[in-house]
Amino acid sequence: MDLRRIVEKSDTKAGKAFDLSIQALIIFSLITFSVSTLEGLSEPMLAFLYVSQLITVLLFTAEYLLRIYVAENKRAYLFSFYGLIDLIAILPFFLLTSVDLRAVRVVRLLQLFRILKIVRYSRALMRYHMAFKKIKEELVIFFSATCFLIYLSAVGIYYFEHSAQPEAFSSIFHSLWWAVATLTTVGYGDAFPITTGGRIFTFFILMIGLAIIAVPSGLLASALQRAGKEIADESELPG
Amino acid sequence: MDLRRIVEKSDTKAGKAFDLSIQALIIFSLITFSVSTLEGLSEPMLAFLYVSQLITVLLFTAEYLLRIYVAENKRAYLFSFYGLIDLIAILPFFLLTSVDLRAVRVVRLLQLFRILKIVRYSRALMRYHMAFKKIKEELVIFFSATCFLIYLSAVGIYYFEHSAQPEAFSSIFHSLWWAVATLTTVGYGDAFPITTGGRIFTFFILMIGLAIIAVPSGLLASALQRAGKEIADESELPG
Amino acid sequence: MDLRRIVEKSDTKAGKAFDLSIQALIIFSLITFSVSTLEGLSEPMLAFLYVSQLITVLLFTAEYLLRIYVAENKRAYLFSFYGLIDLIAILPFFLLTSVDLRAVRVVRLLQLFRILKIVRYSRALMRYHMAFKKIKEELVIFFSATCFLIYLSAVGIYYFEHSAQPEAFSSIFHSLWWAVATLTTVGYGDAFPITTGGRIFTFFILMIGLAIIAVPSGLLASALQRAGKEIADESELPG
Amino acid sequence: MDLRRIVEKSDTKAGKAFDLSIQALIIFSLITFSVSTLEGLSEPMLAFLYVSQLITVLLFTAEYLLRIYVAENKRAYLFSFYGLIDLIAILPFFLLTSVDLRAVRVVRLLQLFRILKIVRYSRALMRYHMAFKKIKEELVIFFSATCFLIYLSAVGIYYFEHSAQPEAFSSIFHSLWWAVATLTTVGYGDAFPITTGGRIFTFFILMIGLAIIAVPSGLLASALQRAGKEIADESELPG
């Protein structure tokens, strides 16, 4: 069947054109969405953005229905990862016309899930996905250790700084924010220790934290290269 | 003996339930502790927190006595790492009722050592522990070199910036704080060089520092993978 | 032919002297350019800088014509990477005398492309160039994933912080700046989340981002070493 | 000869005691030096610090003369790395009594070179020294590339931000400071782009910079491990 080949594969000219159109549409929809958050837009611009969004959603809906139509196993597509994303990309728009205003912001946020549609086309993201899966166990370990260290840091700094800076370190939850910003070395500068004890504590925490926080990048770099090799091996096989 | 198996092992249903209960209790106790540092809590909330803490400590005490009771070698357990932690997790509470107010803050801090109880159950932390032990020598070397570099940076910046910024760089001890925040690339922004000499010095120190400061993460990443392999090898052995 | 050997090779004394002179001239021209951006320069200094620039450009022009003259395949040189850079290094100066003032700043910027002339002489930059080429595919993947993550972060933080900080996070484009400064861990401190939701979101984004953002340095480090080995192997061959 | 063995080796009890005393003296002298930079010290404290410094210098002088006395080749010791450091550690103090006040600050700075005396005793620093020597070539390449990138960034941001922020980016030299603080991801927050062009430029520069700036740590980590192995191999040999 010809139509299925165009929609699901990209080994024909028409199939490639179809894929590229969907990708362009995703990018276009992300740009119009971003522009629509700017303030002080002119009336014609707002009208243009509204019409763009309408057309985008209609085209995504058409794509969704088309994919259902051509799917051999319709049920499998509907509940597959891509099937759900294709649905989420259009659903919020239709909900927006029927719900009351308070829910709008959350629903508009859902709309953004359409960015995940791009995963289907991005070999880069697929390779990261594979690499992450390879080191899943290490990442869980890293995440546990990091949470443990961050909580410990927050408790420590709370005891050192709370009386000196009751605003910035008013509770352990506020201190957690400091611990996140410090251990990731972002260091915004909205909260930092000023007591001698707190500064020495920060030094020791950072000595441990620097070792731990940078671990996943080393793991990921080697996993990415292994994933790349596997993809290369597979594409050499007769397919 | 049945009770020992439940308390010390987790290969039975009851043993797993016991372990999970203790873990849940640790998490619960950390959450109530964190919440209790929030300001402006209502009276009922404070009462709830107090009762929670009371029950938590009683349960931890029960666990501690139980572990002593089932231990084959009671003395060995009492002075083991876990035995001491189990004690420290409950001791501060009992002390709090008999000491005067000035010591309270320190004692409450000790209470937090109960977070270490979680190490017994966390395979992630155990693996980090193993990995750290593998590269202990390198870490000591790294720590010495870092302290040396930080002291050198502090002295240097003190000479360049002291006269220009007598507040932020009022002594070498104040400059040490700048050196820590800069060489770890946290960069809070509470102290930074403004003289040309100080900025050029910072540039050279950072060139050396970036190489040194990120070393442990490379070491740790490979040690973690080796530790993971060893754990996997061991669990394959008939046990 | 002797002149060609002097200009294109550096295996004779005269050839080495020629290379060193051009390098010195490039450095000198960069310094005078940098100094000319200082404010409050004295009249004689400005005159000196102007004359320096004039002489520099004339010498670069002479070098350019010489290289055309000695090139075996003049057309190939003219459209080669180095030929274009040699042209761009002098062209802006000649344009500056004939265009109106509004374009001047852009044209002066072009002048700075003469810094690229130094690539011809720097083995360090050549090796980086080789290393980058080796991991081009991985870098493209990294760049895509980073852009994806940055966009996602910007959208997320916009929803969490827009109503609390309408200034700093006034649109997704403003939020993108926050995402760049945060995920690279620069953390200037000009924009940071203040809501609880935004801070928790930042924590999760940083956990993922730290793994991704530091990937290329691992790749580059190993590629640099391989590139160095290849250069060493080549220079051992009879040439 | 007994005395030489005590001073130059540490394989006897007396030799070990001698080494430890010198190390303790170095640490003590660094602490008193640091304390002396504190402001508002009491009279007795100042007197104590002065006497401490006097005794320290006298002991270091005695050590220096002793080392000359026991050295087999006195000339070789005098002009060796350690010989010069031993001299520099005491020279400034004797100069301080004879020079006028303006030079004092610089001379006091020289005094701090006595920290280098500790290199003789620190296996950690020796191993770093060995590791750095192994990757000297790569580090030179890294340093060149970093300087090139920092200059390029400074020029770029100057063009984008100069007219918007004439204070923070008043010349290329001021912009260099921004480039250093940004590419090392320290990000103090004393200077950051506010124009859209400058921010996009910063994004691209950081994408390249992150790859380059973290390279040496990867190189150093593996060099450190190789250096450790070599030291271990040597100490196994019959010595």
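For clarity, chains are labelled A, B, C and D in written order, and residue numbers in each chain start from 1.
As a working rule, a contact is a pair of C-beta atoms (placed from the backbone, for glycine too) under 8 Å apart; a residue touches a chain by one contact, two chains touch by 3 or more.
Predicted model only: the values in this text are computed from it and were never measured.
Trainee: If you take the chains that touch chain B and keep only those that also touch chain C, what is left?
Mentor: Neighbours common to chain B and chain C are A, D.
Trainee: Which chains are shared contacts of chain A and chain D?
Mentor: Joint contacts, listed by label: B, C.
Trainee: Which of these, A-D, B-C or A-C, makes the same contacts as A-B in over half of the contact pairs?
Mentor: The chain pair with the recurring interface is A-C.
Trainee: What is the distance in Å between the mean C-alpha positions of chain B and chain D?
Mentor: 30
Trainee: Specify, in ascending order, the residues of chain C that touch 2 or more different other chains.
Mentor: Residues 143, 173, 185-189, 213-214, 217-219.
Trainee: For chain B, which residues count as touching chain A in their complex?
Mentor: Contacts found on chain B: 30, 33-34, 37-39, 105, 109, 112, 115, 118, 122-125, 127-128, 139, 143, 146, 173, 177, 180-181, 184-190, 213-214, 216-222, 224-225, 228.
Trainee: Spell out the residues on chain B that touch chain C in their complex, using ranges where they run on.
Mentor: Going by the criterion above, the answer is residues 185, 187-189.
Trainee: Can you list the residues on chain D that touch chain C in the complex?
Mentor: Spelled out, the residues of chain D in touch with chain C are 137-138, 140-145, 148, 151-152, 155, 158-159, 162, 170-173, 182, 185-189, 192, 196, 199, 202-203, 206-207, 210-215, 217-219.
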